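You will see subunit A twice below: alongside subunit B first, and alongside subunit C after that.
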Partner chain A sequence: MDAFVNRFKETPTFWADEISMLDGFGSYDAVKEFSQPVFEIPAVQNANCTDENSDSECRIKIEHGTTTLAFKFQGGIIVAVDSRASAGSYIASQTVKKVLEINPYLLGTMAGGAADCQYWQRQLGRHCRLYELRNKERISVAAASKLLANMVYPYKRMGISMGTMVTGWDKTGPNLFYVDSDGSRYKNDVFSVGSGSTFAYGVLDSGLDYELSTNDAIELGRRSIYQATYRDAASGGSVRSWEFIGLYDVGKLHWEYCGL
Partner chain B sequence: MAGSYDRALTVFSPDGHLFQVEYALEAVRKGTCAVGVRGNDCVVLGVEKKSVLKLQDPRTVRKIVMLDDHFLLIGVQIQIPGLNADARVLVNKARIECQSHRLTVEDPVTIEYITRYIAGVQQKYTQSGGVRPFGISTLIIGFDPNDKTPRLYQTDPSGIYSAWKANAIGRSSKTVREFLEKNYKEGLSKDETIKLTVKSLLEVVQTGAKNIEIALMTADSFIK
Partner chain C sequence: MEFLIGITGKDFVLTAADTSAARSITVMKSNEDKSCDLNKHNIMLYSGESGDTVNFAEYIQRNVRLYGIRNGIELTPKAAATFTRKELATSLRSRHPYSVFLLIAGYDITTSKPHLYWIDYLGSSAEVPFAAHGYGAYYCLSILDRYHHPNLTLDEAKDLIKKCINELKSRFIVNLFDFKIKVTDQDGIREITI
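Then we have the complex of A and B:
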């Protein structure tokens, strides 16, 4: 524990750290602002505190159940999510917003711990805005997802549970990245995250085609979420889908209700 | 007049000057001349090479250095030993920053970003205790990634940076700048840019190829 704390203690330098993009990002900023608890963080010793599978007596039950998906096609990106929040076997809410606007042209989805996702994506939004102000141009999706992954990595194995897709438009077109709290960051054209993701992949993969029309793509996203909510106890509620239809942002919100 | 306000960097004089910074600028003015000119699709840096001592290997006395593979920097040095070292340290920091940026943002730096960074470092050393400012001004030239417009920036020991169409630093920079102002035209071709750089350097440097070093940068290549 000491070694861990020492790692983040202020180094006795004469003057402040160099001004750089990394300042305020990466491993140090979040920890400086985070007040370290006085007691030992249990998860450092025992990473299984929040992992239900390995320790059935785990003390913190985090909301994991969800289905989110996103895929690229010729008209942009479709992002579809369910809206159920469950804590164990209790359904906490049927109307959760699982798509978080990081800023008008970057979306993040929420899977895993709701608080974790919301907090870190808000932080990401802050950094993205600072980048935009400093460099007079929007941050790229690759950079934004990298920032998120770097922010979360120092807390690896400390109990953060977050599986999010960062997606949006930038200079190189539409982009889709998957970032999770284990520190992985992948780029791909299609992702599905959450307990219902396996069900969603089945429908999504069989119907996926880059040349889909916009309406067909929306229908595919909706159908995949529906199938997942049908079979997965932890996903449900209603389907919410977003569509990036242009370089200059515009997220259009479609409300769809599907029979359960 | 300067009196007791010379010593400490972190003390303003009553008429609002930071003397150490101004002396640093003075040191720069004593250094060898360097000229940068922006053309239509290329940018040229010219440096006056001070005469190399007989036993010294001329190839190890470098003034034009690469910061990343798409742009480079020039530092002005002066004969007083020690300030070349300032340049070396600054270049090193800048190179690290370039690579850090590539790592986190997955994109090479823009010229403006790295200029801002170098200027920021130079400014930091004008606002701390126990340190002195860098005694160098730099001319930074290059192209932004995926962009065809050539760029030329200048930083100085106070931490100010600005973009230029053509500029000169070091010895007799005022004369050279006046020459440039008179003869600069928008949209110079490659050859014309080189010619202008050489001619402006010749104003202050003795003629002879041995005394001038030129670097030409175009969007997709870099020739020395």
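Then we have the complex of A and C:
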């Protein structure tokens, strides 16, 4: 029990004297948490074992076939995703859940490697819950996205493939952040991620207006995903969309399926 | 495709950075602030590899601030630049070298002089009267060579930056449509429009 408590008792009031950049609140250091593999870590040997551009003999070919998008408008945030999982030219599944509930008021989308997204967003959910327990208040979206960016940064160039949007409702209202496995983190009002993102941006940017009604906004999200799946071979399946309405402390989520 | 520029004047430094954040061919964000206030009179502009830039900039910012808190006086621009350069040089032969290009601009309140430092990812640092990073430098450095002099007033510097930006708009193939322009002088750091 003591060992368990000691592992988690570190909070901002417990700073040790010698702090390295990776120590402290919300950090995740591979060297400490994982046992090292018996072969050389990929980052040392070649730039990226999954990156076809830097090493044509790369062993792991990750497909980033997906289209996800999210945008803010007067009624909250619309998140819309496709549901196809592709492995090369084979369609592995048409019914993948690409929106992950990090906790009841934070959503994360999945683009890139499915396992990477799912694992790291589960970890993010764990850290967010710990934050809540330590601080007796919900974590802000900015802090949650920063936690995620800091968690994956130590693994930069080691082959993680994750392009995710972290979105939710906090004290400052609705927020939308983009975080990816290169370590970048951006805040903006509209994002689209994935191989079909360029197609989605086209329709989304042309129809976007902050004053859209809720139904029009849902239709815009749905239409953008549809147009992207029409043009992009690696996206498809069905459109899954989420609408965020935060009323005081209550988050209300609607989601609807719609066939292609 | 990022562009950073800094110009020292009589008693100020004018800095500008483009505001687009792009991932391969898509512009993800077009109002990105590529600068970081190190302390009241020092600013650092960064560009380069996406995750490295923000992480390194925040690391330097926090350390510079810590120095100010511990010692009660703020780091001078020269000290901040030397510290930053040393961090980059140490990281160069480590497992994970930071791939960032920096401009550190500051007003030294002890000597009342403005300073500008050009720092690159190999840890080389040079104090210069004006500097630029990125492909845009190929166009702007000659303009700065021609029109810059040590006693530039703020209005003259604004004109100079306008010349550089217009040149980029007409000759550079990538459309850098918006810039965030900041002035650092004895009153601190503030954003301006030209």
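Note that in this section the second predicted complex is superposed on the first by the 206 of 260 C-alpha atoms of A that agree within 3 Å, B and C clash if a C-alpha of one lies under 4 Å from a C-alpha of the other, contacts with A are read in each partner's own complex, and residues count from 1 in each chain.
The rule is short, and it goes like this: a contact is a pair of C-beta atoms (placed from the backbone, for glycine too) under 8 Å apart; a residue touches a chain by one contact, two chains touch by 3 or more.
As the structure is a computational prediction, the values presented were derived from the model and not from experiment.
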Inset, instruction - Could you tell me if A:201 is touching subunit B, subunit C, both of them or neither one (first, second, both, neither)? - result: second
Inset, instruction - Using the superposition on chain A described above, determine whether A:153 touches subunit B (first), subunit C (second), both, or neither. - result: second
Inset, instruction - Could you look at A:182 and tell me whether it touches subunit B, subunit C, both or neither (first, second, both, neither)? - result: second
Inset, instruction - Using the touch definition from the top, say if A:133 reaches subunit B (first), subunit C (second), both or neither. - result: neither
Legend entry - Which of subunit B and subunit C A:143 touches, first, second, both or neither: first
Inset, instruction - Look at A:191 in the shared chain and tell me whether it touches subunit B only, subunit C only, both, or neither; answer first, second, both or neither. - result: second
Inset, instruction - Name the residues of subunit A shared by its contacts with subunit B and its contacts with subunit C. - result: 21
Inset, instruction - Can you check the complex and tell me which residues of subunit C touch subunit A? - result: 21, 23, 25-26, 28-29, 31-32, 49-52, 54-55, 59, 95-96
Inset, instruction - Please give the residue numbers of subunit B that touch subunit A in the complex, ascending. - result: 93, 97, 100-101, 104-107, 110, 112-113, 117, 120-121, 124, 128-131
Inset, instruction - Could you please specify the touching residues of subunit A with respect to subunit B in the complex? - result: 14-16, 18-22, 25-26, 135, 139-140, 142-143, 146-147, 150
Inset, instruction - Sort out for me which residues of subunit A touch subunit C in the complex. - result: 21, 43-44, 149, 153, 156-157, 178, 180, 182-188, 191, 197-198, 201
